[in-house]
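You will see two complexes here that share chain A, one where it goes with chain B and one where it goes with chain C.
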Partner chain A sequence: MREKQKITVSNVVIHIIFILLMLVCILPLLLVLGISFTDETSLLRDGYHLIPKVFSTGAYQYVFTGATSVLRAYAVTIFVTVVGTLCHILFMGMLAYCLTREEVTARNKISLFVYLPVLFNGGLVPTYILMTRFLHLKDTVWVLILVSIASATNVLIMKNFFKSIPQALIESARIDGCSEYRTFFSIVLPLSKPSLASIGLFVAIAYWNDWMTCSLYIETPKLQTLQYLLQSLMNNIGYLQANAGASQSMETAILNLPSEGARMATCILAVGPIIFLYPFLQKYFEKGLTIGAVKE
Partner chain B sequence: MKKRWLALLLAAAMVGGTLTGCGSSKESKGKDDTVELSFYMMNSPVQDQDRIMEKANEIIEEKIGAHMKLVNVDSATYAEKMNLMINSGDPWDLCFTASWGGINFYENAQKGAYADLTELLPKYAPETYKRIPEGLWDGVKIDDKIYASVNYQQWGAASRSGFRLRKDIADEVGFDWASLKGMPTLDALKEMDDFIGKALELHPEMIGWETSAIKSFYANEPLSWDMEEVGDILTPGWIRYTDPDTVINQFETEEFKAYCEIMRDWYNKGYVRKDGATVQDTSPDRKAAKFIAESTTGWPDSVDFEGNADMERMSMCTKETAPAVGVSNTRTVIKAGAGPNAAVAVNAQSENIEKAVELIELLNTDDELFMLITQGEEGVDHTYADDGTYSFVDGKYNFNYNEWQLGQSYSPDFTRALYDRNEAGDKQKESQTMVYEADKTAEVSPLTGFVFDATPVKTQIANCSSIIDEMVPALSSGSVDPETTIPEFIDRLKTAGVDDIIKEKQTQLDEWKAAK
Partner chain C sequence: MSRFKKNQGQMVKRKVPFKRQFPFYVMMMPGLFFITLLFYLPMPGILIAFKNFNPIDGIFGSEWMDPLFKNFEFFFKSDTAKTITFNTLLYNVLEAVLVTVIAIALSIMLNELKGKVSTTVYKGAILLPTFLSWIVIQYILFSLLSIDKGIFNNLIGREVQWYSEPFYWRIIMPLAYVWKNVGYYSVLYVAAIAGINTDYYEAAQLDGATKWQQIRHITLPLIKPTVIVLSLLWVGKLFSGGLGDWNAFYTLPNNAGALYGATDVIDTYVYRSLRTLGDYGMTAAVGLYQSLVGLILVFGSNHVIKKIDPDSALF
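Presenting the complex of A and B:
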């Protein structure tokens, strides 16, 4: 049984401030949801409303049947997010673990190799040349995963976490006959769940929200990701309108682009799944925030 | 538990296998005897494109023994993507190019990215070459070499600007819209002031004039002010048609000041949107038929030719919801940028440059092929109603009206675009004939053939651009007081080096004139 809290002035003020902050965060999202369910003509006539004046699912019907195949984009995005996050955690975890093991004599040199790209990197054009000309990854689904499969920052965070696992635990596992792999997969990884979950969440969100890679390397409409579709829906209108002087056909082209409602519907679909990840990973997330904060 | 990491190894091997698999399948494609030519253009996703391209490729293979791979890149990312592909030496054969929107025709041509077509065009694409007025070819020349094939559009090459206003409301208020014909833009705006005021009294829910953050009626519309841009439109340095030898700072003119003052006045009177300085997308307002008056680049206007369907409705509306009249007030001129307004370039690194030029010719001369790709199949993708009006079938192939990027939609016999099979269609043909006639007699810009090399003043241009991006939307939407803001704006431009840019443009222009 928790003690009943007294209502003080400061408490009320703090609550009000946080309620206002919450509204600032949540209202735009609800508004987008409202717009996505509003009938198109009503949207033009009455403007935006939280509760649709004329309810319609037309925008969603358009999104699911139109030329921009949202369902396929969903599949691509989910595949990339799941596979990408798992691979990212696995490879970065193995690397970080090695860097904490004293048996790896070259670990300082490897560390340098890991951290150097944080300070100096090739930039866009060399990266593009590498991806397309040498790795031949252009227009494949793997490029979406491989481009962000390594992150020095995450290695650093994981390394600090692995360091906090008592050395004795690993030694005792070895005495009991564990191979290196088994030690890693059965002892170290389960103990690092909080750190893996919070890093996993960051990585998953990064994969989910990544549209840049898709816009650079993907040409087949089948492989486009959800965020890229969304991004293009939002930007095309502005770009075409600004350059409409180039051809009279352009005005008709703009007219042909998805309506306000359809754009909002895509928006809702794009935030949907990832927003539900938060509640499930919340407990790890909070724990994960303090990773590496205290150094022993 | 050896199984687990064995499984992992297996997974890794599978991933590796797929990767190499992808790589090798790509290479084997090239070994076919028909050449595959890739064509990059900006377009939204197109349904059923495989079906149409299969049919199109049958024609292309039969005629020139090649295959075309049409790659649609999203318009918002097209410029960046193409420039990246050029800079990194990525393989491509043909692409849509232009001198606006960051696509950088001149810069890329100077850099040597585009193949020199001066001799190839008359040889492999004679019809394409012959059809286009000489002035347009001058527009895509750098040092007397042609670097792109101009897409001569069904809308003609000459520009003329003007206004479109609501016919029903003009009648209601009793406004003599035809009097705006040929009037200097400033006077025309003053003339419209009273009209918009009265119209808004009757229809308070409407908006008098369109303002937005992405397009300024001054900064993006030099023709309306009897000026033309030297180099990129948004960089400082324009010329007046009345004094084509002097480069001026377009923001330091009486016109700009007067325009901003009018907009400020309209802002205070509630004629324009209060958030005009930040609004990015005005299409909802247009679709809702909210504007009383707007600018237009379309012509012939309602004075010269009654029945031009594009002039009889407001932008993005139908004739029923927003009946309109158009009136033009500028001169008719083929601007220096008319050539690279829409053109097709060939990659200088391509292995099949000749074939690529043959493909350009085929796209421009084979009406059946051009219509197939740009309009789909009749009866399947577009249909004609009983009264002869055509429409596209929902959910079928739709090229999103991007035919102007693929090739020339110009056709004096009207065989390269869809027209209604009734009176309206005949009217459209009639009005386009007027445009084609005007193209032959229109003034040619004094700047045609001049290419500004921006490299010496790159930093200054970058500095000025960010200031222009920040200040122009606020000024041209009336959100700020021009009395204090214009001097501040000009001061900031001067600090950023605007005078260097003007001077550089002037020097290059003088040299070019002397050489001519």
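Presenting the complex of A and C:
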């Protein structure tokens, strides 16, 4: 095992397999990138290509100047992701921490209360009625944050790593007269920063990629998220493709759609932050995997 | 000394005064509030499945269905019930098996490569699709399959109508799913394999075991618990009413009506009925059916696993 890596046939085969896999995973996204940088007339004439036949940044100019809806969607999505992730981590973290403390005599009962909904929940329709009819949250930015603010699974994962914090540390803080709140915020939280970061990552990605909430609860264009904007753009095209040739109004419908390139540019903009943060993402992602899911 | 210990034992058992517990309840309050709000408050809404719901009278004021199961009857008498239940089961089983098998194979191969740079790069590449939303994947798929401009049609030089032929989607859906998720599970299994004590392999090598024998008799048996836990979680996701990863089935086929037969699952049906039909009673009934089947499946498979291998069961 420890001897110097030899070049063997099996190793070469494995490398070839993974290089092919890399291409399969990355090329499709590069294709979208290529399309977004292609001149509009070239797209209509030559179709989609990985390397633009006629290079142009027109699509991005169009997105940034003409269609303010993209920029606004960006702002909404960033707001929802940041606020949602911070609240999720804070609230679920405090809950998980308290459930690990022995002073809380009812902690087993409370844990059961937290985990039960994993097995059985009301489902989409009752939640929809609650949000729209009782809480009157339709068409507010808060509903986008609220629906993903709690997760029993994350409480379970966080409980596992709060347990690994040495009790002596918490005890000594108390003897020194530190309040329970301060113990949590200035000792427990800083100690679990890496683990919280990896959970936060999962939560942030979920918020960023969520479109269903927006499509159910949001009607004003002002509050559309990036993913929903993308989805509604694509739905229009999808309808045209499925009914190709059958519809007379196709020509006029196409005129009302943003250009092909602009759509792909919007798509790239939605992926942008993820690619930008990728090395960081990968590091914490792998860390997060080993915290929660791997059973020893 | 022994007396001191005894006293200590009693101290732990003694009731902790509420004043001492109070700060913890303050800290738990927001979390518990949102869990109640999101998961418990909607529960009475399940009654809608048995009611002739109208918005004016509300959940409790609306009249009961006569007969009580009329909302269910309407759904189960249609062909849709069979189609979407079949599709849900088929795709989930197919995807679970494909992803698990491929991910284990990849993770074993990744583990064979000792170069740190190359493994990090490979892992990074196969993880990329995991972070993309299904909407972005929808765009990618559209660039490949678009009738007039798509790469595939360009390559074969014919105009294949990908978006109107259901048969293709029986293959495209699992492929897309594997593409997005196999990286995640590979990295997960790499972590599980890394946790195996290297002594086992060294001992096996001393005894002259081949690579294949080591994989077959050490790696696979030792990651079995992880595989079982993940499969159980998968079964749970299968019918979990909106929590599962069903977005793919709604977004990838561009919501094309011609493809419903091959791509519709219970979740997409519930979602679409709610958005377009607005029939709360029937939609809630389908949702309840899904939750119940999910519950039975989780307990059922856990029961089976308990019989085969008691240590691996989830609860």
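Here is the rule we go by: the second predicted complex is superposed on the first by the 263 of 296 C-alpha atoms of A that agree within 3 Å, B and C clash if a C-alpha of one lies under 4 Å from a C-alpha of the other, contacts with A are read in each partner's own complex, and residues count from 1 in each chain.
Note that a residue touches a chain if its C-beta (ideal position, glycine included) is under 8 Å from a C-beta of that chain, and two chains touch if they have at least 3 such contacts.
As the structure is a computational prediction, the values presented were derived from the model and not from experiment.
A.B. asks: Which of the two partners, first being chain B and second being chain C, lies in contact with A:Phe120: first, second, both, or neither?
C.D. replies: second
A.B. asks: After superposition on the shared chain, which partner residues are touched by A:Thr100: those of chain B (first), chain C (second), both, or neither?
C.D. replies: neither
A.B. asks: Does the superposition put A:Ile129 against chain B (first), chain C (second), both, or neither?
C.D. replies: Once the two structures are laid over each other on A, A:Ile129 reaches both partners.
A.B. asks: A:Thr77 contacts which: chain B (first), chain C (second), both, neither?
C.D. replies: A:Thr77 sits against neither chain B nor chain C.
A.B. asks: In the superposed arrangement, does A:Thr38 touch chain B (first), chain C (second), both or neither?
C.D. replies: neither
A.B. asks: Which of the two partners, first being chain B and second being chain C, lies in contact with A:Ser198: first, second, both, or neither?
C.D. replies: Neither partner.
A.B. asks: Just to be sure I read the superposition right, which of the two partners does A:Thr225 touch: chain B = first, chain C = second, or both, or neither?
C.D. replies: neither
A.B. asks: Is the number of chain A residues in contact higher for chain B or for chain C?
C.D. replies: Chain A has more residues touched by C than by the other partner.
A.B. asks: Determine, under the contact definition given at the top, whether A:Asn154 touches first (chain B), second (chain C), both, or neither.
C.D. replies: In the superposed model, A:Asn154 contacts neither chain B nor chain C.
A.B. asks: May I ask you to decide whether A:Thr85 touches chain B, chain C, both, or neither, giving the answer as first, second, both or neither?
C.D. replies: After superposing on A, A:Thr85 lies clear of both chain B and chain C.
A.B. asks: Would you mind listing the overlap between the chain B footprint and the chain C footprint on chain A?
C.D. replies: Correct list for chain A: 43, 90, 124-125, 128-129, 133, 181, 215-216, 231, 235, 237-239, 241-242, 244, 260.
A.B. asks: In the complex formed with chain A, which residues of chain C make contact?
C.D. replies: 12, 15-16, 20-21, 23-28, 30-32, 34-35, 37-46, 48, 55, 58-59, 106, 109-110, 112-115, 118, 120-129, 131-136, 138-140, 142-144, 146-151, 153-154, 161, 163-164, 179, 183, 187-188, 191-192, 195, 198, 201-202, 205, 211, 225-226, 229-230, 236, 240-243, 247, 251, 253-258, 270-271, 274-275, 280, 283-284, 287-288, 290-291, 295, 298
A.B. asks: Okay, in this complex, where on chain A does chain C touch?
C.D. replies: Per the stated touch rule, the residues are 1, 5, 10-11, 14-15, 17-18, 21-22, 24-26, 28-29, 31-32, 35, 43, 47-50, 90-92, 94-99, 101-105, 110, 113-114, 116-130, 133-134, 146-147, 149-150, 152, 155, 179-181, 184, 205, 208-212, 215-216, 227, 230-231, 234-235, 237-239, 241-242, 244, 260, 263-264, 267, 270-271, 274, 278-279, 281-282, 285-286, 289-290, 293-296.
A.B. asks: What residues of chain A sit close enough to touch chain B in their complex?
C.D. replies: Listed in rising order, the residues are 43-45, 65-69, 90, 124-125, 128-129, 132-133, 136-138, 140, 142, 181-182, 185-186, 215-216, 219, 221, 224, 228, 231-232, 235-257, 260.
A.B. asks: Where on chain B does chain A make contact in their complex?
C.D. replies: Contact set of chain B toward chain A: 1, 4-5, 8, 15, 18-19, 22-23, 26, 44-47, 49, 71-77, 80-81, 84, 87-90, 98, 100-101, 153, 155, 212, 214-215, 220, 280-284, 287-288, 297-298, 310, 315-316, 341-342, 395, 398, 400-404, 409.
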